[in-house]
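Structure below; questions to follow.
Chain naming follows the written order as A, B and C, and within any one chain the residues start at number 1.
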Amino acid sequence: MAVQLDEAAVRATPPAPPDGPPSPAPRRSRGAGRLPWLLLAPALGATVLLLGWPMVKNGMLSFQNLNARQLILHLTEWTGFDNYGDALGSEHFWRVTVRSVLFTTVNVVLIMLAGTLTGLLLARLGRRMRLLLSVGLVLTWAMPIIAATTVYQWLFAQRFGVVNWLLDHLGWHSMADYNWTGSQFSTFFVVTVLIVWQSVPFVALSLYAATTTIPKELYEAAALDGAGAWKAFVSVTYPFIKPFLFATTFLEVIWVFKAFPQIYAIGQGGPDRLTETLPIYAFVEGIGNQHFGMGAAISLLTILILLALMSYYFRLVLRQERDES
Amino acid sequence: MKRSLLGRLWPNATALVLFVCFAFPVYWMFATAFKPTGDIITEDPVWFPTDVTLEHFGTAVRADHFWTLVRNSLTVTLLAVGLSLLIALFAAFAIARTRFRGRRSVILVFMIAQMAPWEVMVIAIYMLVRDAEMLNSLVPLTLFYMVMVLPLTVLTLRNYIAAVPRELEESAMVDGCSRTGAFVKVIFPLLAPGLMATSLFGFITAWNEFPMVLILNKDAEAQTLPVWLYQFQTAFGDDWGATMAAASLFALPILVLFLFLQRKAVGGLTAGAVKG
Amino acid sequence: MKRGLKAAAGVAALLMGAAACGSGGDDGKTAGADGFKGETLTLWAMDGSTPPGWTKEVKREFEQKTGAKLKLEVQQWNGIQQKITTALSESDPPDVIEIGNTQTPAYAMTGGLAELGDLKKEIGADWNESINASSVIEGKQYAVPWYVASRVVVYNKEIWAEAGLKGTPKTRDAFFEALGAIEKKTDAEPIYMPGQNWYFFDGLTLGQGADLVKKKGDTWVSNLADPKVGDAMEIYKKYADFSDAPKDKDEATPQQAEVFAKGKTGAMIGMGWEAATAIEANPEIEKHIGYFTIPGETAEKPEGVFLGGSNLAVAAGSEKQELAKEFLRIALSDKHEGTLAEEGGVIPNKDALQERLEGNPAAQAAAPAASTSGGTTPLIPEWAAVENPPNPIKTYMTAYLKGASHQEAAAQVEDELNKRLAQKQ
């Protein structure tokens, strides 16, 4: 039972999408022709209808002057590229863009480092400790984002929050009544701790699963060659987990870049709009301030920026798909 | 290969520290929910609830329409995940097992769909749903949540399908199974862990969704639990006991599902066959 | 047999209904009682606006008179603008909506609110003009005034006694002296004043006669740099200096009433209902709570106060215009408006009804300032955008309290303020 749970934690991990464990290339198929498209029809149809259509609608809104008045009276006022001009011409937009990229980079680096180290630690642990740590990771992983965000607000609460109490008792007395959402840096600190905390379990458990597929003989061979722990890692473990790390990194980039409830709930993008990332910015401008056309334009720019960030990854994945087929 | 005492100690010590770091927020949520207010608002934290009370849960559950919202959340989430698994399975099979022109474009479509920033598209979605006269209904919610979880479901299941050795499928077909039969009898059982994993992911996503339901369904009886948790928080302000009780109730189904599904996932795994 | 019983019951119900209507029966007829049978009127009211006694009475009278049902849906403040805007665009909007007085001009300009000029003529002859001002935009009546409330000083008598203070201050300077005494003689926080209690600050600007916006050509622009605004901020800082509250938070995070409830705070500037919140959090505090009008420069004129309040509006898209007006006639009648004042402790829309505040010390403390030195934020449609978070004036306040000069702090946010004032409607 004990082992079961442990294994379970690992098995439920979706393997890294594109490069995962060596997958047999799809061979020439017998049923080719219409069959694949028939099978794809429901999924593609739903995506085009329920995602593609809103995206097109969103695109159309981005060329309109759409505020409360126009929304209420069902008016359509085309304004050409005005919204884009205003957004791209504002210093604020570019500051938010740079901030989003930095925020994503810092978080993803931290997540991948902590996740990888935790995963490797799992592989080294004895059975009982591994079970314990896995349980902790699974609990974290299973926490719904909104619940987790609420809990973090409580942990970091200015009065009676347990973090401030701890810092105070560790001798850092100025932190006794510290207001975490008072400055840009401290707000980002809380958000980053929250996001890293939420993301590490996925990386760690998946990575541990990947290491279990490494044949023991390889390590034995390395040991015979006189390789130390580091050398064994570089020559045996790393090549095995590299594709996994690569794919996961990009998944995390998407996830962190899009992170919305965590930032919004902790500080609403404040203080002074200093913790707005692109999705928050689009939301505050579009929905908070009721400039829906402007919000739509920013959201489209957000998608374009994310696509640009991911283009390298797409190219690699597509090349690999071609090699396979 | 005997390691030194220190060598054995530090991984365990690190693991213990990590365990505390990861589990504490979850523990603290439940602990706070069960503590009387006097033990929550204290200069020194009460680490273990000695004086257990259900008062906060009472406050949380007494909110208007609570049980309706529970039912709505469950309906929408389960339907969305179920539908998405079904259609994702077809699509994943097509991508993993057949070769056709445009395959790469299809993969690209799902990858881009995975990046869709839904939160900022809510106004566009709202206008479409409003003009279709479908506000305050669970149907659009279900459909949108389905599409929200669809891309990752397709991309993940496709890996699981690809990992099933083709020989297994072929030998089944040699044994006289049709292609469909081979799929149902051979591949499907091997996919169980993949299905569990993706449904888990889908469940979390749909269970958590919030900006869309907030704008589409203003009718209090057509809303879902995240709205309740959010409004609860604003209505009760600093009442951390009640807020944590609400968060606990909200998190509980996911925590239970996680433990339950993972055991199932192991049960459905014919480990040898997959490892090949 | 069974059928007979049912019929009898029906007749009895009819008779009882008629009896219950009593003297009001005639009104019911003129309003076309039967015309509304089977309809449901939806009312959106904000959390805390509808005390139970008022709700029950209004509902009973409305349902009796019209035969229609009243469906009250209580709304939370968070995200309410988005909710009202989208609701007004729908084919089946809520019929009657409570709208904050400062937000009324913006909604009026969206075309989402029905014009109520005839109702004003019919029942609004003696509405208090300054309270009604927010409902009138470009000469047209787009809502009806429901109630206002203003801030008072809520103080802890025990702490004041400990500091040796007797009576309550009548001038601002006397108030500061009292706070100084608390600081010296007790270990309590003299007053809880976070950096962003913006509506209190708005009151101070009204007291200084400062305008937050000015007209420049056709558009409204920021007038924040005006030295008079700086004077108001200087007064604010004197209050804030007596407090340990965060400089970058408003009075709702944490709820100042909850802080006050702990009994370690000498005073707070808040709404009457905040005292109730404090009592709920700590019933012990009730016997120590007292109220007084925020003192001004001189004893004759109290400090300027922001009149926060609500109007009731009818959605232009509602198909039940007549029923909605009938509801407003009932809800705003002297009887129910008086009950609202009495039960809710809010200032009613007619001066004559202020006698109903008797026995409510908080509202009584509020009334003098409300009638002599009350005002609002600028009543222009463009203003609503200014208060969207993050409110640049709050940013200005925090910057000032953290050491920037008035001119520096104002310069820091004026661009944002002007941008918001210039936004297309």
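Criterion: a residue touches a chain if its C-beta (ideal position, glycine included) is under 8 Å from a C-beta of that chain, and two chains touch if they have at least 3 such contacts.
Protein names from UniProt, one per chain: A = Sugar ABC transporter permease; B = Carbohydrate ABC transporter permease; C = Extracellular solute-binding protein.
Quick caveat, the model's predicted, so the values are computed rather than measured.
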Chain of greatest Cα-centre distance to chain A: C
Check: interface with higher C-beta contact count, A-C vs A-B, is A-B
Using mean C-alpha positions as chain centres, tell me how far chain B is from chain C in Å, no decimals. 42
Quick one: chain A and chain C, Cα centre-to-centre, how many Å? 42
Chain centre separation (chain A, chain B; CA means) in Å: 15
Could you say which residues in chain B touch two or more other chains, in rising order? 215, 230
By the touch rule stated above, which residues of chain A touch at least two different other chains? 71, 287
Using the touch rule from the top of the page, what residues of chain C touch 2 or more other chains? 82, 86, 89, 254
Seen from chain B, its contact residues with chain C in the complex are 126, 130, 133, 135, 214-215, 218, 220, 230-231, 234-235, 237-238
What does chain A use to touch chain C in their complex? 65, 67-69, 71-74, 158-159, 177, 179, 182, 268-273, 284, 287-291
Please name which positions on chain B make contact with chain A in the complex. 11-12, 14-16, 18-23, 25-26, 28-29, 32, 40-45, 86-88, 90-91, 93-100, 103-104, 106-117, 119-125, 127-128, 143-144, 146-147, 150-152, 154-156, 158-160, 162-163, 165-166, 179, 193-194, 196-198, 200-201, 204, 207-208, 210-211, 215, 226, 229-230, 233, 240, 243-244, 246-248, 250-251, 254-255, 257-259, 261-263, 265-266, 269, 275
Residues of chain C touching chain A in their complex? 81-82, 85-86, 88-89, 106-107, 109-112, 244, 246-249, 254, 259, 385, 388-390, 395, 398, 420, 423-425
Going by the contact rule at the top, pick out the chain A residues touching chain B in the complex. 4-5, 7-9, 11-18, 20-21, 23-24, 26-29, 31-33, 35-37, 39-40, 42-44, 46-47, 50-51, 53-55, 57-58, 61, 71, 118, 121, 124-126, 129-130, 132-133, 135-148, 150-152, 154-155, 157, 160, 162, 165, 197, 200-201, 213, 254, 258, 260-261, 279, 282-283, 286-287, 292, 295-296, 298-299, 302-303, 306-307, 310, 314, 317-318, 321-322, 325
